[in-house]
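Presented sequentially are two complexes of subunit A, the first with subunit B as partner and the second with subunit C.
On to the complex of A and B.
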C-alpha cells in the first residue's frame, strides 16, 4: 500500500519547497518546520515501503513521457537503502537547521532550497531511467550552487558557489556524453521492447549490456565515471568540495553526508553491471578512488579550518567508496554492498561530525581551529558526540566506520592478490592518515587551553538532539546491520536479467566469479575463493582466506593513527600550541595547505595561460575574420545604398518628370519597333 | 460641325500644359490646378468621341470623371491645408520630413 505513495517521497519535499518559497516569509522561523515535516513524511513512506518489500521485492512504476523516454520509480534494495539514509539524515539536518538558521534573514530561502535539495536527491535515487536520473542530478547541482552561495553577499561564498557549479559541470558534460552514447548504442540494437519498456530504463540497460560492443562500453563507463568524479569530488575535480564550506554548516552536512556527493558513488553502484562489463571500467574507478583517498587525506592533515578538514575527509572517504566499487573486479556485486555500506555509515558519522562542527562554530564564531581549544569544557554533549563521530571516521573497532572501511580494505587486498596491490596500499595509507587528521582535529578543538575569547555555552537542544540520534547510529549501525545489509544489497542485481559471469567475460574479469579462481595457489588461491564466495553466496561472512595480519591491520592502523595524533596534539601528552603554526616555513606543510598548489596550477597557470591564451586567439579570429568579413560586406552594402537612395528625392516633380520621360521613351521604342516591324 | 481633330488638339494642348505645370511648379495649389487640367483634357476627349460616335457612354463617363475630380480636389486641398498648418507653407520643396 505504501508503494502506491512512492511518488510522495519526492512530492512532499517539492511541496515544502513551494510553501517555503512563497509563504516562508510569513511563517515563524522561515517555515523550517514544513521542510522537516516533509522529509519526515518521506522517511515514513520509505520505511513503509521497506517494511513491504524487505527482503526480496522491488517496486517498479513507470509511465510514458515522450518519444523513447518515460518517467518512473524503481525501488530496489540499492535505491531503498539510499532513500532511507537520505530521508533520515536530511530530516535530522533540517531539525538541526531550525536551530542553526534561527534569526538568519534568509531562513525562508534556506529552507526552500534545502527542501528542493532533498527532493532532487531523492528523485535521483529512485529514478528508473538514466534521463530522469540526469535531470535530478542537474537539480542537485543547481541546489548545491544556490546553497553554497547562500550568503551571496560574501564574495568568497559567491565564488565558491560558482566554482562548485562549474567544476561539477565538467563532469556533467561527460556524464551526458555517456548517456547519449549509451542511448545510441541501445537504439542501434533495434530492440523489440515490450510495452512499458523504454531504452534508458535500468532493467533494459542491464538486460542488453552483453550486446553492446566492449569498446563502446568502456567509453560509456568512462563518461559516467566522469560525471561521478565531478559530483563525488574525486581527483581531479575535487577542488570545489573544500570551497563548498562557504555555505551554512547544515548545507555542508547535507552536501557531504546525504544529498550531493554520494550521488556519484550511487551512480557507479547503480551502473555497476556496466562498469563490470566494460574493460578497464572498474580499473579506472579503483584507480581514481584509491588515489583520491590518499591524496585528500594528506591535505586534511594540515588544514586549520575545521570544516575543510572534514571536507577533505569526505573527499577521502568517497575515494574509499569508489575504490570499494572499483575492486569489485575481484569480488563482483559484493563490492556494491561493501561500498554502499560505507556510504551509509559515512553519511551518519559525517553528518554527525559536520553538525558537531556547526555546533562548535555556532559558539566560537570561527572556523579556525587555532582559535578554538578547550571547547570541550563548555560543550560536553558536542564533545562526546563528536568523539563518537571521530572514532567512527577513524575506523576504531566496533564503530560503524570500522566495519565499513575495514571491509573495503579487505576486498582491496583480495583485489591485490588477484590483480594489483596499489589500491590496497593507497587505502591503508589513507586509513592511517584518516585516523591522524581526525584526532588532530578533535584534540585541537576540544582539549588544551582556550586560545581565544569565545562564547562559552552549549548549543540549544534542537541542535543537540539530532547529534545524539546520529551518534547512536554512528556507534551502532555497523555492528547491528552489517550482515543483513550485505546480503540485502547483494540481492540487488538478482532482480534483473543479468549474468555477471557473462559480463565478467566481456570485461576481462575471467579470473573470478563462479567460473574463476583456478589461477593461483596458497594465499592467493584462498583469496580468490573468497572472491567467488563473495559473489556466489551473497557474502557477508569474513572469509577465512586472508592472513590474520590482513584482518588485524585496519585495527592497528586506526589505533596507531589515533595514538599518533594524541602524541602530537593532546595537551596531556605534549604541550602543543597550534596557534603558533602558520605553515609558511615548512615547505611540505605549505604544499599540503595549498592543496598541492592545485589552485595555482589550475587557475594560475592553466586557466590564465592556456585557457585565456586560447580564448584570446579564438576571440581574435572571431572578431577579425568571421565578424570582419561580415562587417565588410554589410558596410559595402550600406555605402552602396547611401548613393542609390539619393534617387528618392521626395520631390514630386522629379517623379513626374521620370514618369513622363519613361512614357516618352516607351512610346519612342514601341514606335521604332513598329517601324522596323518587330511588333 | 467642328472636326474631331480640333477637339483632340485642344485636349492634348491642355494635357501638355498640365503636364508642364506638374513638372515645373512647386506650389501645391498650382499643382492641383494642373491635375485638373489633365483630368479635364481627358474629359474633352471623352465628350468629343461620344458626340461623333452617336451614343452617350462617353458623356456619362465624363460625368463620373468630374465627380471623381471633385472628390480628389477635396482630399487634395484638405491635405494642403493640413500641410500649411504644420509647416506654414505649401511650397512642396520645403515639405521633406520623410526625405533622406
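On to the complex of A and C.
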C-alpha cells in the first residue's frame, strides 16, 4: 500500500519547496517546519515501503515520458537503504536548521532550497533509468550551488558556489558522454523491447551488458566514473568540496558530507554490474578511491578551519567507499554491501560531526580552531556527541565506523592477495591519518586553554536533539545492523536478469576467481544458490581467509592514531609540540596547507589562463579576421566608389563621349560573339 | 475547426500594425489585442492539430500570379507549427515587456506587429515566392527598430544587419530561381510551389548533382547567415548590442529561427541528393559555432553581447542536430529551436532590464544587484540556468536529444561539442551572474529597485514555459517527432498528400 505512494517521497519535498519559496516569507522561521514535515513524511513512506518489501521484494513503476525515455521509480535494496538514510539524516538536519537559521533574513530561501535539495537527492536515488538519475543529479548540483552561495553578498561564497558548479560540471560532462555512449550502444543492438521497457532503464541495461563490446563498456564505465569523481569529490575534482564550506554549516552537513557527495559512490554502486563487466572499470575505481583516501587525509592533517578538516575527511572517506567498490573485482557484489554500509554509517557520523561543529561555530563564532580551545567546559552535550562521532570516524572498536571502514580495509587485503596491494597500503595509511586528524580536531577544540574570548553557552535543544539521535546511530548502527545489511544488499542484483560470472568473463575477473579467491567464489556461489536471507555471515566472518594480524591491524591503527593525536594536542598528556615536527618554513607543510597547490593549478592556471586565454584569442580572431574581412570589404567598396564617382563630372561632353564609346564597344562585342557563335 | 486559420493569423497582426500606427499613445493596447488574438488562435490550432499526421494541415491555396506560377499557399506541419506557436507567444510577451515604451510608441508597436506578420508568414508559406516575400518583410521592421530605437552605434549596426542578411537572401533568391527555371510541371508550366520543387530535387534527370550542389550551396548560405553560423555570425552581436531590448528579443527568438526553419524545410530534403562533402562542411560549421560561440561569450564584457554569442552557440545545436540526420537528433534540433526561442527572451530581457535600471551593461561595472532586486535576481538566475542546460528546463532536453542522436552518425563531432562546450557554457553564464548579481552591493547602486511588474511578468512567464516544456517535452516533441520522420523520407507534394 505504501508502494502506491512512492512518488510522495519526491513530491512532498517539492511541495515544501514551492510553499517555502512563495509563502515562506510570511511564515515564522521561514516556514522551516514545512520542510521538516515534508522530509519526515518521505521518511514515513520509505519506512512503510521497507516494511512491505523487506527482505526480498522490489518495486518498479514506470511511465513514458518523451521520445525513447521514461520516468520511473525503482526501489530495490540498494535504493531503499539510501532512501531511508537520506530521509532520516535530512529530516534531522532540517530540524537542526530550524534552530541554526533562526533569525537569518534569508531563512525562507534556505528552507526552499533545502527542500528542493531533498527532493532532488531522493529522486536521484530511486530513479529507474540513467537519464532521470542524471537529471536529478544535476538538480542536486544546482541546489548545492545555490546553498553554497547562500550568503551571496560574501564574495568568497559566490566564488565557491561557482567553483563547485563548474568543477562538478567537468565530471558531469564525462557522465553525459557515458550516457550518450551507452544509449547509442544499446540502440545499436536493435533490441525488441517489451512495452514498458526503455533503453536507459537499469534492468534493461543490466540485462544487455553482455552484448556490448568490452572496449565500449570500459569507455562507458570511465565516463560514469568521471561523473562520480566530480560529484563525490574524488581526485582530481575534489577541489570544490573544501571551498563548499562557505555555505551554512547545515548545508555542509546535509549536502557536502552526508548525502549529495555520496551520489557518486551510489552511481558506481548502481552501475556496479557495468563496472564489473568493463575491463579496467573497477581498477580505475579502486585506484581513484584509494589515492583520494590518502591524499585528502594528508590535507586534513594541516587545516585550521574546523569545517575544512571535516571536508577533507569527507573526501577521504568517500575515497574509502570508492576503493571499497573498486576492490569488488576480487570479491564481487559483496563489495557493494561493504561500501554502501560505510556510506550509510559515514553519513550518520559525518552529519553528526558537522552539526557538532556547527554547534561550536554557532557559539564561538569562528571556524578557526586556533581561536577555540576549552570549549568542552561550556558545551558538554556537544563535546560528548562529537566524541562519539570522532571515535566512529577514527574507527574505534565497536563504533559504526569501525565495522564499516575496517571491512573495506579487509576486502582491500583480499584484493591485494589476488591483484594488487597498493589500495590496501593506501587505505591503511589513510586510516592512521584519519584517526590522527580527527582527534587533533577534537582535542584542540574541546580541551586545553581558551585561546580567544568567545561566547560561552550551549546550543538550544532544537539543535542538540538531532545531535543526540545521530550520536546513537553513530554508536550503535554498525554493531546492530552489519550482518543483516550485508545480506540484504547482497541480494540486490539478484532481482535482475544478469549473471556475474558471465560479466566477470568479459571484465577479466574470472581467472582470479578460479584459483585465488575462495572467499569471493564462495560468496557468489552462496548468494546464487541460497538467495539473500541468512547469508550475511559470509562477508563479516571470512576469518580463515586473512591472517589474524590483518584482522587486528585496523584496531591498532585506530587506537595508535588517537594516541598520537593525544600526545600532540591533549594538554593532560601532551608530550610533543607540533612545532617539533614541522615549522612555518617547512615546504611539505606549506604544500599541504595550500592543498597541493591545486587551487593555483586549476583556477589560476587552467581556468584563468588556458580557458579564458582561449576565449580572448577567439575574440581577437573574431574582431580582426571574421568581422575584419567584412569591414575591409565595405571599406574597399567605399574607396572604390570614391574613385568611380569622379567619372560623374557633370560635363555633358564627357557623358556623350562615354556613351558613344560604350555603344561602339557593345557593337564590337556582339559582332564578335555572333562570329564565334555564342549568340 | 477554424477555417482560414493561417490567413487570419497573418492578417490580424497586420491589421493591428496599421491600426496601432495611427493609434498614438494607445498603440500598446491595440498591440496587446492584436497579439493576443493570434496567440489564442494558435493555441486553438494546437488543440486541433493532428500530432501523428504527416500531411500539411490548415492548408489554404489560391492563385496569385498564375502567369508565372505564383500561388498563395500556406499550411503547417510539425516543422512549422511549433514555430508558429513560438512566434505568437514571444510576440505577446515582448509587447507586454515593452509596455513602458514612450518614444514614438505607435511606430514601435506597429513595427513589432509587422515583425510578427513576417515570421508567421515565413513559417507557414508553402510557395517559394511567398516565402521570399515574408523573408524580406522581416528585415524592414528590424532595420527600423535598430535604426530608430538603437544605441550609440545604431546606424552602423542597422546597415550591417540589413546588407549582410540581404545579400545572403539574394543568393538564396538566385538559388530559388534556379529551382524554378529548371523544373517544368508535366503540363509545361512553371511553379514556385515549395514541396513540388523540393520533391523534384530528388530526380537526378532534372537536377544533376553538380547543378543541385550549387543550388544547395546558395540556399544553405541564406539560411546559415540567418541562423547565424560561424563564420557568418558577426552581424548578430552588433545588431543585438545596438537594438532596443524588444528588438533583440525578437531578433534572437524569432528571426534566427527562420534560418533553422529553412534547414528543416528546404535543406534536409535535399541533403541526401547532394555531394556528401556538404555533411562534413555543415557539421564542422555547427561544431565551430557551438564551441567558438561559447568561448566568444566567455570573452565578452557587455552582458548583451555575451547573450548574443550564446545564441550563436545554441543555434549551432540546431545545425548539428539537423545535419546528423537521425530521428532523435532532428527532433532534438527542432526542439532546440523552440527552446532557445523562449529561453533567449529572458536573457535579453534581463540584459535590457539591467541596462535601464542600472544604466550600464558592462559586467565589470556591475555588482551585488541581487541585494536590491531579489525577485529579478531569481528570475534571471532561472533564465541563466535554463540557458546553460539545466535539466528540468527545456534547453537540456533539446541539447540532450541532439547530442544523443548526433552521436550515432557524427560521433567525433558530437564528442568535441560535449567536451568543449558544456563546461564553457556553464562558465560564462555563472561568471556573468556572479559578477553582476552577487557579492556586496556597490555603493552607487544602493538606490536601484526592482524593475516594473510587466517586465518581471513577461520574464516569469518564460521561465514557466521553459519549465513546462522541460518537464513535459512531449507536448511539443510529439509533433516534432512526426515531422522528423517525415523529413527523413522523400518529400510528398500537396497533391500527393491529397490536401489540394
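We adopt the following convention: the second predicted complex is superposed on the first by the 572 of 679 C-alpha atoms of A that agree within 3 Å, B and C clash if a C-alpha of one lies under 4 Å from a C-alpha of the other, contacts with A are read in each partner's own complex, and residues count from 1 in each chain.
Note that in this section a residue touches a chain if its C-beta (ideal position, glycine included) is under 8 Å from a C-beta of that chain, and two chains touch if they have at least 3 such contacts.
The model shown is predicted, which means the values in this text are computed figures rather than measured ones.
S.K.: Could you say whether A:552 touches subunit B, subunit C, both of them, or neither, answering first, second, both or neither?
M.R.: neither
S.K.: Return first, second, both or neither, reflecting whether A:666 touches subunit B, subunit C, both chains, or no partner chain.
M.R.: neither
S.K.: Thinking of the overlay built on chain A, is A:622 touched by subunit B (first), by subunit C (second), by both, or by neither?
M.R.: Only subunit C; A:622 stays clear of subunit B.
S.K.: Pick one for A:635: touches subunit B only (first), subunit C only (second), both, or neither.
M.R.: A:635 sits against neither subunit B nor subunit C.
S.K.: According to the stated criteria, A:166 is in contact with first (subunit B), second (subunit C), both, or neither; which is it?
M.R.: The second partner, subunit C, only.
S.K.: Spot which of subunit B and subunit C makes contact with more residues of subunit A, would you?
M.R.: Of subunit B and subunit C, the partner in contact with more residues of subunit A is C.
S.K.: Look at A:656 in the shared chain and tell me whether it touches subunit B only, subunit C only, both, or neither; answer first, second, both or neither.
M.R.: Touch status of A:656: first partner only.
S.K.: Would you mind listing the overlap between the subunit B footprint and the subunit C footprint on subunit A?
M.R.: Common to the two interfaces on subunit A: nothing.
S.K.: Using the touch definition up top, name the residues of subunit C that touch subunit A in the complex.
M.R.: 160, 164, 230-231, 233-234, 292, 295-296, 298-300, 328, 331, 368, 370-371, 385, 390-392, 396-397, 400-401, 403-404, 407-408, 411, 414-415, 418-419, 422-424, 426-427, 430-431, 434, 437-441, 472-474, 477-478, 481
S.K.: In their shared complex, at which residues does subunit A touch subunit C?
M.R.: 64-68, 131, 134-136, 138-139, 142, 149, 152-155, 158-159, 161-162, 165-166, 169-170, 172-173, 176-177, 179-181, 183-184, 187-188, 607, 611-612, 614-616, 618-619, 622, 626-627, 630
S.K.: If you look only at subunit A, which of its residues touch subunit B in the complex?
M.R.: Touching subunit B from subunit A are residues 645-646, 648-653, 656-657, 660.
S.K.: Could you pull out which subunit B residues touch subunit A in their complex?
M.R.: 19, 22-26, 31, 92-93, 96, 98-100
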